[in-house]
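Here's the structure we're looking at; comments come further down.
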Amino acid sequence: MPAFETTIKPRFYETDGLGHISNTVIPAWFEIGRTEFLQSLAGGPGARRRVWLTASIQIDYVAETFYGSDVSVRVTDVKVGNTSLTLFGELWQDGKLTARGSSVLVHMAGEGGGKAPVPDDIREAIAAQFA
Amino acid sequence: MPAFETTIKPRFYETDGLGHISNTVIPAWFEIGRTEFLQSLAGGPGARRRVWLTASIQIDYVAETFYGSDVSVRVTDVKVGNTSLTLFGELWQDGKLTARGSSVLVHMAGEGGGKAPVPDDIREAIAAQFA
Amino acid sequence: MPAFETTIKPRFYETDGLGHISNTVIPAWFEIGRTEFLQSLAGGPGARRRVWLTASIQIDYVAETFYGSDVSVRVTDVKVGNTSLTLFGELWQDGKLTARGSSVLVHMAGEGGGKAPVPDDIREAIAAQFA
Amino acid sequence: MPAFETTIKPRFYETDGLGHISNTVIPAWFEIGRTEFLQSLAGGPGARRRVWLTASIQIDYVAETFYGSDVSVRVTDVKVGNTSLTLFGELWQDGKLTARGSSVLVHMAGEGGGKAPVPDDIREAIAAQFA
(Lines give C-alpha, C1' and ligand atoms only; values in the text may rest on other atoms or scores of the structure.)
Protein backbone atom coordinates (compact mmCIF):
# COMPACT_ATOMS: atom_id res chain seq x y z
CA MET A 1 0.00 0.00 0.00
CA PRO A 2 1.45 3.36 -0.98
CA ALA A 3 1.83 5.92 1.77
CA PHE A 4 0.21 8.61 -0.37
CA GLU A 5 -1.80 8.31 -3.53
CA THR A 6 -3.76 10.58 -5.83
CA THR A 7 -5.60 9.73 -9.03
CA ILE A 8 -5.15 11.36 -12.44
CA LYS A 9 -7.59 10.97 -15.31
CA PRO A 10 -5.44 11.27 -18.47
CA ARG A 11 -6.67 13.87 -20.94
CA PHE A 12 -6.88 13.20 -24.66
CA TYR A 13 -4.68 16.20 -25.47
CA GLU A 14 -1.92 14.74 -23.29
CA THR A 15 -1.31 11.96 -25.82
CA ASP A 16 1.43 12.39 -28.40
CA GLY A 17 1.77 11.60 -32.08
CA LEU A 18 2.34 7.95 -31.21
CA GLY A 19 -0.90 7.54 -29.23
CA HIS A 20 0.42 7.33 -25.69
CA ILE A 21 0.88 9.91 -22.95
CA SER A 22 3.65 12.33 -23.89
CA ASN A 23 6.92 12.04 -21.96
CA THR A 24 6.58 15.75 -21.26
CA VAL A 25 3.38 15.17 -19.29
CA ILE A 26 4.76 12.61 -16.81
CA PRO A 27 6.92 15.16 -14.89
CA ALA A 28 3.82 17.35 -14.55
CA TRP A 29 1.83 14.44 -13.10
CA PHE A 30 4.59 13.73 -10.59
CA GLU A 31 4.40 17.41 -9.61
CA ILE A 32 0.68 17.03 -8.95
CA GLY A 33 1.49 14.12 -6.65
CA ARG A 34 4.19 16.12 -4.84
CA THR A 35 1.95 19.16 -4.41
CA GLU A 36 -0.97 17.19 -3.03
CA PHE A 37 1.32 15.18 -0.76
CA LEU A 38 2.81 18.36 0.74
CA GLN A 39 -0.68 19.79 1.17
CA SER A 40 -1.77 16.61 2.96
CA LEU A 41 1.13 17.02 5.40
CA ALA A 42 0.37 20.66 5.99
CA GLY A 43 -3.40 20.41 6.24
CA GLY A 44 -4.75 20.94 2.72
CA PRO A 45 -4.80 23.84 0.22
CA GLY A 46 -6.26 26.17 2.83
CA ALA A 47 -3.39 25.71 5.29
CA ARG A 48 -0.53 28.14 5.83
CA ARG A 49 1.55 27.94 2.74
CA ARG A 50 5.05 26.55 3.10
CA VAL A 51 7.47 27.26 0.28
CA TRP A 52 9.18 24.23 -1.21
CA LEU A 53 11.59 24.75 -4.07
CA THR A 54 12.04 21.83 -6.44
CA ALA A 55 15.81 21.42 -6.71
CA SER A 56 15.90 18.35 -8.94
CA ILE A 57 13.83 15.55 -10.45
CA GLN A 58 14.63 12.16 -11.87
CA ILE A 59 12.25 9.91 -13.84
CA ASP A 60 12.50 6.40 -15.29
CA TYR A 61 9.94 5.76 -18.02
CA VAL A 62 9.28 2.10 -17.24
CA ALA A 63 6.40 1.44 -19.64
CA GLU A 64 3.98 3.40 -21.79
CA THR A 65 1.09 5.20 -20.14
CA PHE A 66 -2.16 5.38 -22.09
CA TYR A 67 -5.28 7.49 -22.49
CA GLY A 68 -8.47 5.79 -21.36
CA SER A 69 -7.85 4.60 -17.82
CA ASP A 70 -6.94 6.29 -14.54
CA VAL A 71 -3.40 6.66 -13.30
CA SER A 72 -2.38 6.39 -9.65
CA VAL A 73 0.42 8.78 -8.63
CA ARG A 74 2.07 7.54 -5.47
CA VAL A 75 4.61 8.82 -3.01
CA THR A 76 6.22 5.59 -1.82
CA ASP A 77 8.93 6.92 0.47
CA VAL A 78 10.41 10.16 1.79
CA LYS A 79 13.93 10.78 3.07
CA VAL A 80 14.08 13.77 5.39
CA GLY A 81 17.25 15.87 5.36
CA ASN A 82 18.16 19.00 7.26
CA THR A 83 16.59 21.53 4.89
CA SER A 84 15.22 19.19 2.21
CA LEU A 85 12.97 16.25 1.45
CA THR A 86 13.73 13.55 -1.10
CA LEU A 87 10.47 12.07 -2.39
CA PHE A 88 10.26 8.73 -4.16
CA GLY A 89 7.24 8.17 -6.36
CA GLU A 90 5.60 5.84 -8.86
CA LEU A 91 2.89 5.93 -11.52
CA TRP A 92 0.62 2.92 -11.87
CA GLN A 93 -2.00 2.23 -14.53
CA ASP A 94 -4.16 -0.91 -14.79
CA GLY A 95 -2.03 -2.73 -12.23
CA LYS A 96 1.20 -1.93 -14.04
CA LEU A 97 4.09 0.30 -12.99
CA THR A 98 4.64 2.80 -15.82
CA ALA A 99 7.08 5.31 -14.29
CA ARG A 100 9.27 5.69 -11.24
CA GLY A 101 10.91 8.87 -10.02
CA SER A 102 12.39 10.95 -7.26
CA SER A 103 12.64 14.63 -6.48
CA VAL A 104 14.49 16.85 -4.04
CA LEU A 105 12.47 19.65 -2.42
CA VAL A 106 14.19 22.38 -0.45
CA HIS A 107 12.34 24.21 2.31
CA MET A 108 12.58 27.98 1.90
CA ALA A 109 11.89 30.52 4.60
CA GLY A 110 9.41 32.58 2.62
CA GLU A 111 10.00 34.56 -0.56
CA GLY A 112 13.51 35.92 -0.85
CA GLY A 113 14.61 33.87 2.15
CA GLY A 114 17.18 31.12 2.03
CA LYS A 115 17.05 27.44 2.93
CA ALA A 116 15.43 26.69 6.24
CA PRO A 117 15.23 23.53 8.38
CA VAL A 118 12.35 21.18 7.62
CA PRO A 119 9.71 22.12 10.24
CA ASP A 120 9.08 19.70 13.08
CA ASP A 121 5.39 19.21 12.29
CA ILE A 122 6.35 18.08 8.78
CA ARG A 123 8.99 15.70 10.15
CA GLU A 124 6.44 14.21 12.51
CA ALA A 125 3.74 13.90 9.86
CA ILE A 126 6.16 12.09 7.55
CA ALA A 127 7.45 9.83 10.33
CA ALA A 128 3.87 8.86 11.20
CA GLN A 129 2.94 8.16 7.59
CA PHE A 130 6.02 6.14 6.64
CA ALA A 131 6.54 4.34 9.95
CA MET B 1 0.79 42.29 -45.22
CA PRO B 2 -0.49 41.68 -41.71
CA ALA B 3 -0.42 44.59 -39.30
CA PHE B 4 1.26 42.48 -36.63
CA GLU B 5 2.95 39.12 -36.89
CA THR B 6 4.91 36.78 -34.65
CA THR B 7 6.36 33.37 -35.43
CA ILE B 8 5.77 30.12 -33.54
CA LYS B 9 7.89 27.03 -33.93
CA PRO B 10 5.51 24.11 -33.23
CA ARG B 11 6.75 21.68 -30.59
CA PHE B 12 6.56 17.93 -31.00
CA TYR B 13 4.59 17.52 -27.78
CA GLU B 14 1.91 19.86 -29.14
CA THR B 15 0.82 17.24 -31.66
CA ASP B 16 -2.08 14.97 -30.79
CA GLY B 17 -2.82 11.29 -31.29
CA LEU B 18 -3.67 11.98 -34.92
CA GLY B 19 -0.33 13.61 -35.76
CA HIS B 20 -1.33 17.25 -36.11
CA ILE B 21 -1.28 20.19 -33.70
CA SER B 22 -3.90 19.65 -30.98
CA ASN B 23 -6.99 21.85 -31.11
CA THR B 24 -6.24 22.77 -27.50
CA VAL B 25 -2.93 24.38 -28.51
CA ILE B 26 -4.34 26.81 -31.09
CA PRO B 27 -6.05 29.08 -28.51
CA ALA B 28 -2.74 29.26 -26.63
CA TRP B 29 -0.92 30.33 -29.80
CA PHE B 30 -3.50 33.04 -30.43
CA GLU B 31 -2.87 34.24 -26.87
CA ILE B 32 0.85 34.49 -27.63
CA GLY B 33 -0.02 36.69 -30.61
CA ARG B 34 -2.35 38.86 -28.50
CA THR B 35 0.20 39.26 -25.72
CA GLU B 36 3.03 40.24 -28.03
CA PHE B 37 0.77 42.58 -29.98
CA LEU B 38 -0.26 44.40 -26.80
CA GLN B 39 3.39 44.59 -25.72
CA SER B 40 4.31 46.06 -29.11
CA LEU B 41 1.70 48.79 -28.61
CA ALA B 42 2.88 49.53 -25.10
CA GLY B 43 6.62 49.38 -25.73
CA GLY B 44 7.68 45.78 -25.09
CA PRO B 45 7.78 43.46 -22.04
CA GLY B 46 9.70 46.06 -20.03
CA ALA B 47 7.03 48.74 -20.39
CA ARG B 48 4.50 49.71 -17.75
CA ARG B 49 2.10 46.81 -17.54
CA ARG B 50 -1.45 47.46 -18.63
CA VAL B 51 -4.06 44.95 -17.50
CA TRP B 52 -6.19 43.45 -20.25
CA LEU B 53 -8.79 40.87 -19.32
CA THR B 54 -9.74 38.38 -22.01
CA ALA B 55 -13.54 38.44 -22.05
CA SER B 56 -14.13 36.05 -24.95
CA ILE B 57 -12.48 34.17 -27.79
CA GLN B 58 -13.72 32.63 -31.00
CA ILE B 59 -11.76 30.31 -33.30
CA ASP B 60 -12.47 28.68 -36.67
CA TYR B 61 -10.25 25.67 -37.34
CA VAL B 62 -9.87 26.16 -41.09
CA ALA B 63 -7.28 23.47 -41.83
CA GLU B 64 -4.89 21.22 -39.95
CA THR B 65 -1.69 22.69 -38.56
CA PHE B 66 1.38 20.45 -38.53
CA TYR B 67 4.63 19.90 -36.68
CA GLY B 68 7.74 20.61 -38.73
CA SER B 69 7.33 24.12 -40.13
CA ASP B 70 6.89 27.56 -38.58
CA VAL B 71 3.50 29.16 -37.99
CA SER B 72 2.80 32.85 -38.41
CA VAL B 73 0.35 34.27 -35.86
CA ARG B 74 -1.14 37.49 -37.17
CA VAL B 75 -3.31 40.27 -35.84
CA THR B 76 -5.10 41.40 -38.97
CA ASP B 77 -7.46 44.02 -37.57
CA VAL B 78 -8.50 45.68 -34.32
CA LYS B 79 -11.80 47.31 -33.47
CA VAL B 80 -11.47 49.84 -30.65
CA GLY B 81 -14.41 50.23 -28.26
CA ASN B 82 -14.83 52.40 -25.21
CA THR B 83 -13.23 50.05 -22.68
CA SER B 84 -12.34 47.10 -24.93
CA LEU B 85 -10.49 45.96 -28.02
CA THR B 86 -11.72 43.31 -30.44
CA LEU B 87 -8.74 41.65 -32.11
CA PHE B 88 -9.02 39.67 -35.33
CA GLY B 89 -6.28 37.14 -36.01
CA GLU B 90 -5.10 34.38 -38.30
CA LEU B 91 -2.65 31.48 -38.26
CA TRP B 92 -0.72 30.72 -41.42
CA GLN B 93 1.58 27.80 -42.17
CA ASP B 94 3.39 27.13 -45.47
CA GLY B 95 1.33 29.77 -47.25
CA LYS B 96 -1.96 28.34 -46.05
CA LEU B 97 -4.51 29.78 -43.64
CA THR B 98 -5.06 27.18 -40.91
CA ALA B 99 -7.10 29.08 -38.31
CA ARG B 100 -8.98 32.34 -37.94
CA GLY B 101 -10.17 33.90 -34.71
CA SER B 102 -11.19 36.91 -32.71
CA SER B 103 -11.02 37.95 -29.09
CA VAL B 104 -12.42 40.68 -26.89
CA LEU B 105 -10.00 42.27 -24.41
CA VAL B 106 -11.26 44.57 -21.69
CA HIS B 107 -9.00 47.25 -20.24
CA MET B 108 -8.92 47.09 -16.44
CA ALA B 109 -7.74 49.87 -14.15
CA GLY B 110 -5.26 47.75 -12.21
CA GLU B 111 -5.94 44.80 -9.92
CA GLY B 112 -9.31 44.95 -8.23
CA GLY B 113 -10.30 47.89 -10.42
CA GLY B 114 -13.13 47.85 -12.89
CA LYS B 115 -13.30 48.48 -16.63
CA ALA B 116 -11.47 51.59 -17.76
CA PRO B 117 -11.38 53.49 -21.05
CA VAL B 118 -8.84 52.34 -23.61
CA PRO B 119 -5.87 54.73 -23.09
CA ASP B 120 -5.24 57.35 -25.76
CA ASP B 121 -1.71 56.17 -26.54
CA ILE B 122 -3.08 52.71 -27.31
CA ARG B 123 -5.81 54.19 -29.54
CA GLU B 124 -3.21 56.19 -31.42
CA ALA B 125 -0.80 53.28 -31.79
CA ILE B 126 -3.59 51.11 -33.20
CA ALA B 127 -4.85 53.86 -35.52
CA ALA B 128 -1.31 54.31 -36.87
CA GLN B 129 -0.79 50.60 -37.39
CA PHE B 130 -4.12 49.82 -39.05
CA ALA B 131 -4.51 53.03 -41.02
CA MET C 1 -29.48 19.63 -13.86
CA PRO C 2 -26.99 19.52 -16.72
CA ALA C 3 -27.52 16.84 -19.36
CA PHE C 4 -23.87 15.81 -19.17
CA GLU C 5 -21.25 16.61 -16.58
CA THR C 6 -17.65 15.67 -15.85
CA THR C 7 -15.37 16.87 -13.09
CA ILE C 8 -11.92 18.42 -13.46
CA LYS C 9 -9.46 18.82 -10.62
CA PRO C 10 -7.42 21.94 -11.49
CA ARG C 11 -3.65 21.40 -11.46
CA PHE C 12 -1.25 23.84 -9.86
CA TYR C 13 0.71 24.26 -13.09
CA GLU C 14 -2.48 25.38 -14.88
CA THR C 15 -2.47 28.65 -12.92
CA ASP C 16 -0.91 31.70 -14.51
CA GLY C 17 1.28 34.53 -13.24
CA LEU C 18 -1.80 36.16 -11.71
CA GLY C 19 -2.77 33.14 -9.62
CA HIS C 20 -5.87 31.90 -11.45
CA ILE C 21 -6.41 29.28 -14.13
CA SER C 22 -4.82 30.42 -17.38
CA ASN C 23 -7.18 31.44 -20.18
CA THR C 24 -5.31 28.98 -22.39
CA VAL C 25 -6.40 26.05 -20.20
CA ILE C 26 -10.16 26.68 -20.37
CA PRO C 27 -10.49 25.61 -24.06
CA ALA C 28 -8.66 22.39 -23.16
CA TRP C 29 -11.11 21.67 -20.34
CA PHE C 30 -14.05 22.23 -22.66
CA GLU C 31 -12.44 19.72 -25.02
CA ILE C 32 -12.30 17.18 -22.19
CA GLY C 33 -16.03 17.70 -21.69
CA ARG C 34 -16.73 17.32 -25.41
CA THR C 35 -14.64 14.17 -25.71
CA GLU C 36 -16.23 12.47 -22.73
CA PHE C 37 -19.71 13.51 -23.85
CA LEU C 38 -19.18 11.98 -27.30
CA GLN C 39 -17.79 8.81 -25.68
CA SER C 40 -20.86 8.61 -23.44
CA LEU C 41 -23.09 8.75 -26.52
CA ALA C 42 -21.07 6.11 -28.31
CA GLY C 43 -20.54 3.74 -25.40
CA GLY C 44 -17.27 4.78 -23.72
CA PRO C 45 -13.60 4.88 -24.77
CA GLY C 46 -13.70 1.25 -25.84
CA ALA C 47 -16.49 1.76 -28.38
CA ARG C 48 -16.03 2.01 -32.13
CA ARG C 49 -14.33 5.31 -32.67
CA ARG C 50 -16.29 7.93 -34.56
CA VAL C 51 -14.30 10.80 -36.03
CA TRP C 52 -15.49 14.27 -35.06
CA LEU C 53 -13.60 17.27 -36.37
CA THR C 54 -13.78 20.42 -34.28
CA ALA C 55 -14.70 23.15 -36.75
CA SER C 56 -14.98 26.06 -34.34
CA ILE C 57 -15.13 27.04 -30.69
CA GLN C 58 -16.40 30.07 -28.82
CA ILE C 59 -15.80 30.88 -25.15
CA ASP C 60 -16.98 33.63 -22.80
CA TYR C 61 -14.76 34.00 -19.74
CA VAL C 62 -17.48 34.91 -17.25
CA ALA C 63 -15.43 34.87 -14.04
CA GLU C 64 -12.05 33.72 -12.80
CA THR C 65 -11.49 30.02 -12.20
CA PHE C 66 -9.16 29.07 -9.34
CA TYR C 67 -6.84 26.34 -8.22
CA GLY C 68 -7.99 24.46 -5.12
CA SER C 69 -11.52 23.29 -5.84
CA ASP C 70 -13.11 21.05 -8.45
CA VAL C 71 -14.64 22.34 -11.68
CA SER C 72 -17.74 20.90 -13.28
CA VAL C 73 -17.65 20.85 -17.10
CA ARG C 74 -21.17 20.58 -18.46
CA VAL C 75 -22.79 20.04 -21.81
CA THR C 76 -26.04 21.92 -21.40
CA ASP C 77 -27.54 21.56 -24.86
CA VAL C 78 -26.85 20.11 -28.30
CA LYS C 79 -28.19 21.23 -31.64
CA VAL C 80 -28.09 18.45 -34.22
CA GLY C 81 -27.47 19.43 -37.84
CA ASN C 82 -27.12 17.31 -40.94
CA THR C 83 -23.41 16.52 -40.63
CA SER C 84 -22.59 18.43 -37.46
CA LEU C 85 -23.36 18.94 -33.79
CA THR C 86 -23.31 22.28 -32.00
CA LEU C 87 -22.54 21.74 -28.32
CA PHE C 88 -23.27 24.32 -25.65
CA GLY C 89 -21.30 24.05 -22.44
CA GLU C 90 -20.53 25.67 -19.12
CA LEU C 91 -17.86 25.56 -16.41
CA TRP C 92 -18.96 25.81 -12.79
CA GLN C 93 -16.81 26.11 -9.67
CA ASP C 94 -18.08 26.46 -6.10
CA GLY C 95 -21.61 27.12 -7.31
CA LYS C 96 -20.52 29.86 -9.68
CA LEU C 97 -20.57 29.95 -13.48
CA THR C 98 -17.02 30.79 -14.62
CA ALA C 99 -17.15 30.16 -18.37
CA ARG C 100 -19.69 29.50 -21.09
CA GLY C 101 -18.96 28.22 -24.58
CA SER C 102 -20.05 26.46 -27.71
CA SER C 103 -18.39 24.33 -30.35
CA VAL C 104 -19.23 22.92 -33.76
CA LEU C 105 -18.23 19.31 -34.40
CA VAL C 106 -18.37 17.84 -37.88
CA HIS C 107 -18.85 14.12 -38.37
CA MET C 108 -16.23 12.66 -40.71
CA ALA C 109 -16.48 9.33 -42.52
CA GLY C 110 -13.12 8.00 -41.34
CA GLU C 111 -9.65 9.34 -42.12
CA GLY C 112 -9.40 11.04 -45.47
CA GLY C 113 -13.18 10.88 -45.82
CA GLY C 114 -15.39 13.89 -46.06
CA LYS C 115 -18.34 15.10 -44.01
CA ALA C 116 -20.92 12.45 -43.28
CA PRO C 117 -24.45 12.58 -41.82
CA VAL C 118 -24.73 12.38 -38.04
CA PRO C 119 -25.45 8.66 -37.37
CA ASP C 120 -28.95 7.74 -36.23
CA ASP C 121 -27.81 6.16 -32.96
CA ILE C 122 -26.13 9.44 -32.01
CA ARG C 123 -29.26 11.42 -32.92
CA GLU C 124 -31.35 9.12 -30.77
CA ALA C 125 -28.97 9.19 -27.83
CA ILE C 126 -28.94 12.99 -27.90
CA ALA C 127 -32.72 13.23 -28.28
CA ALA C 128 -33.15 10.94 -25.27
CA GLN C 129 -30.69 12.89 -23.15
CA PHE C 130 -31.95 16.39 -23.95
CA ALA C 131 -35.67 15.59 -24.15
CA MET D 1 30.61 26.76 -27.24
CA PRO D 2 27.81 24.19 -27.04
CA ALA D 3 27.85 21.41 -29.60
CA PHE D 4 24.14 21.90 -30.32
CA GLU D 5 21.86 24.75 -29.47
CA THR D 6 18.28 25.75 -30.14
CA THR D 7 16.38 28.81 -28.94
CA ILE D 8 13.07 28.88 -27.06
CA LYS D 9 10.93 31.96 -26.65
CA PRO D 10 9.13 31.48 -23.30
CA ARG D 11 5.36 31.84 -23.50
CA PHE D 12 3.35 33.81 -20.96
CA TYR D 13 1.15 30.83 -20.16
CA GLU D 14 4.25 28.83 -19.20
CA THR D 15 4.74 30.96 -16.09
CA ASP D 16 3.33 29.73 -12.81
CA GLY D 17 1.58 31.38 -9.89
CA LEU D 18 4.91 32.69 -8.65
CA GLY D 19 5.80 34.51 -11.88
CA HIS D 20 8.56 32.30 -13.26
CA ILE D 21 8.58 29.42 -15.74
CA SER D 22 6.82 26.41 -14.23
CA ASN D 23 9.01 23.46 -13.24
CA THR D 24 6.71 21.31 -15.36
CA VAL D 25 7.72 23.20 -18.51
CA ILE D 26 11.50 22.69 -18.22
CA PRO D 27 11.38 18.93 -19.04
CA ALA D 28 9.34 19.79 -22.14
CA TRP D 29 11.95 22.32 -23.27
CA PHE D 30 14.71 19.76 -22.82
CA GLU D 31 12.66 17.42 -25.01
CA ILE D 32 12.54 20.09 -27.71
CA GLY D 33 16.34 20.26 -27.55
CA ARG D 34 16.65 16.47 -27.73
CA THR D 35 14.26 16.17 -30.65
CA GLU D 36 15.95 18.88 -32.70
CA PHE D 37 19.40 17.49 -31.89
CA LEU D 38 18.39 14.02 -33.12
CA GLN D 39 16.87 15.56 -36.25
CA SER D 40 20.10 17.47 -36.88
CA LEU D 41 22.05 14.19 -36.72
CA ALA D 42 19.63 12.45 -39.04
CA GLY D 43 19.16 15.24 -41.55
CA GLY D 44 16.17 17.28 -40.34
CA PRO D 45 12.44 16.61 -39.86
CA GLY D 46 12.13 15.31 -43.43
CA ALA D 47 14.70 12.55 -42.95
CA ARG D 48 13.93 8.90 -42.40
CA ARG D 49 12.50 8.71 -38.93
CA ARG D 50 14.51 6.81 -36.37
CA VAL D 51 12.69 5.72 -33.24
CA TRP D 52 14.28 6.79 -29.98
CA LEU D 53 12.56 5.88 -26.75
CA THR D 54 13.23 8.13 -23.77
CA ALA D 55 14.17 5.75 -20.96
CA SER D 56 14.96 8.30 -18.27
CA ILE D 57 15.53 11.98 -17.56
CA GLN D 58 17.24 13.89 -14.80
CA ILE D 59 17.05 17.66 -14.21
CA ASP D 60 18.69 20.04 -11.74
CA TYR D 61 16.80 23.33 -11.40
CA VAL D 62 19.82 25.60 -10.92
CA ALA D 63 18.08 28.97 -11.00
CA GLU D 64 14.72 30.45 -11.93
CA THR D 65 13.86 30.88 -15.60
CA PHE D 66 11.74 33.88 -16.52
CA TYR D 67 9.27 35.07 -19.12
CA GLY D 68 10.52 37.92 -21.29
CA SER D 69 13.84 36.79 -22.73
CA ASP D 70 14.96 33.89 -24.92
CA VAL D 71 16.30 30.63 -23.54
CA SER D 72 19.10 28.63 -25.13
CA VAL D 73 18.65 24.86 -24.90
CA ARG D 74 22.00 23.14 -25.38
CA VAL D 75 23.25 19.62 -25.82
CA THR D 76 26.70 19.84 -24.28
CA ASP D 77 27.83 16.23 -24.50
CA VAL D 78 26.70 12.79 -25.65
CA LYS D 79 27.84 9.40 -24.41
CA VAL D 80 27.24 6.67 -26.98
CA GLY D 81 26.40 3.19 -25.69
CA ASN D 82 25.59 0.01 -27.55
CA THR D 83 21.86 0.63 -28.04
CA SER D 84 21.49 3.99 -26.28
CA LEU D 85 22.64 7.59 -26.11
CA THR D 86 23.06 9.57 -22.91
CA LEU D 87 22.58 13.28 -23.65
CA PHE D 88 23.79 16.02 -21.33
CA GLY D 89 22.10 19.39 -21.65
CA GLU D 90 21.80 22.87 -20.22
CA LEU D 91 19.37 25.80 -20.30
CA TRP D 92 20.83 29.30 -20.39
CA GLN D 93 19.01 32.63 -20.12
CA ASP D 94 20.62 36.08 -20.14
CA GLY D 95 24.07 34.60 -19.71
CA LYS D 96 23.03 32.51 -16.74
CA LEU D 97 22.74 28.73 -16.38
CA THR D 98 19.20 28.01 -15.16
CA ALA D 99 18.94 24.21 -15.52
CA ARG D 100 21.15 21.23 -16.20
CA GLY D 101 20.00 17.75 -17.16
CA SER D 102 20.61 14.42 -18.79
CA SER D 103 18.52 11.83 -20.56
CA VAL D 104 18.93 8.28 -21.79
CA LEU D 105 17.53 7.51 -25.25
CA VAL D 106 17.21 3.94 -26.47
CA HIS D 107 17.30 3.16 -30.18
CA MET D 108 14.36 1.01 -31.22
CA ALA D 109 14.13 -1.01 -34.42
CA GLY D 110 10.81 0.39 -35.55
CA GLU D 111 7.42 0.07 -33.88
CA GLY D 112 7.02 -3.11 -31.90
CA GLY D 113 10.70 -3.90 -32.36
CA GLY D 114 13.17 -4.17 -29.54
CA LYS D 115 16.39 -2.34 -28.75
CA ALA D 116 18.77 -2.01 -31.66
CA PRO D 117 22.40 -0.89 -31.94
CA VAL D 118 22.99 2.82 -32.45
CA PRO D 119 23.42 3.18 -36.24
CA ASP D 120 26.91 3.92 -37.54
CA ASP D 121 25.93 7.16 -39.26
CA ILE D 122 24.64 8.49 -35.92
CA ARG D 123 27.86 7.40 -34.16
CA GLU D 124 29.93 9.18 -36.77
CA ALA D 125 27.83 12.34 -36.70
CA ILE D 126 28.15 12.52 -32.92
CA ALA D 127 31.87 11.79 -32.99
CA ALA D 128 32.37 14.61 -35.51
CA GLN D 129 30.30 17.07 -33.51
CA PHE D 130 31.80 16.37 -30.10
CA ALA D 131 35.39 15.75 -31.20
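Note that the chains are named A, B, C and D in the order they appear, and that numbering of residues resets to 1 at the start of each chain.
We adopt the following convention: a contact is a pair of C-beta atoms (placed from the backbone, for glycine too) under 8 Å apart; a residue touches a chain by one contact, two chains touch by 3 or more.
For each chain, UniProt lists the protein as follows: A, B, C, D = Acyl-CoA thioesterase.
All of these numbers come straight from a predicted model, not from anything done at the bench.
S.K.: For the interfaces A-D and B-D, which has the higher count of C-beta pairs in contact?
M.R.: Of A-D and B-D, more C-beta pairs in contact link A-D.
S.K.: Which chain's C-alpha centroid is most distant from that of chain C?
M.R.: Result for the farthest chain: D.
S.K.: Could you please state the distance in Å, as a whole number, between where the Cα atoms of chain B are centred and where those of chain D are centred?
M.R.: Measuring from centre to centre gives 29 Å for this pair.
S.K.: If you average the CA atoms of chain C and of chain D, how many Å lie between those two points?
M.R.: For chain C versus chain D, the centre distance works out to 35 Å.
S.K.: If you average the CA atoms of chain A and of chain D, how many Å lie between those two points?
M.R.: Those two chain centres are 23 Å apart.
S.K.: Send over the residues of chain D in touch with two or more other chains.
M.R.: Answer for chain D, listing residues that touch two or more other chains: 12-13, 23-24, 28, 31, 67.
S.K.: Under the touch definition given earlier, write down the residues of chain B that touch chain D in their complex.
M.R.: Chain B reaches chain D through residues 11-13, 28, 31-32, 35, 45-46, 67-68.
S.K.: Report the residues of chain B in contact with chain A in the complex, numbered from low to high.
M.R.: Chain B reaches chain A through residues 12-13, 15-17, 19, 22-25, 67.
S.K.: If we count contacts the way the header does, which residues on chain A are in touch with chain D in the complex?
M.R.: Chain A reaches chain D through residues 23-24, 27-28, 31, 53-61.
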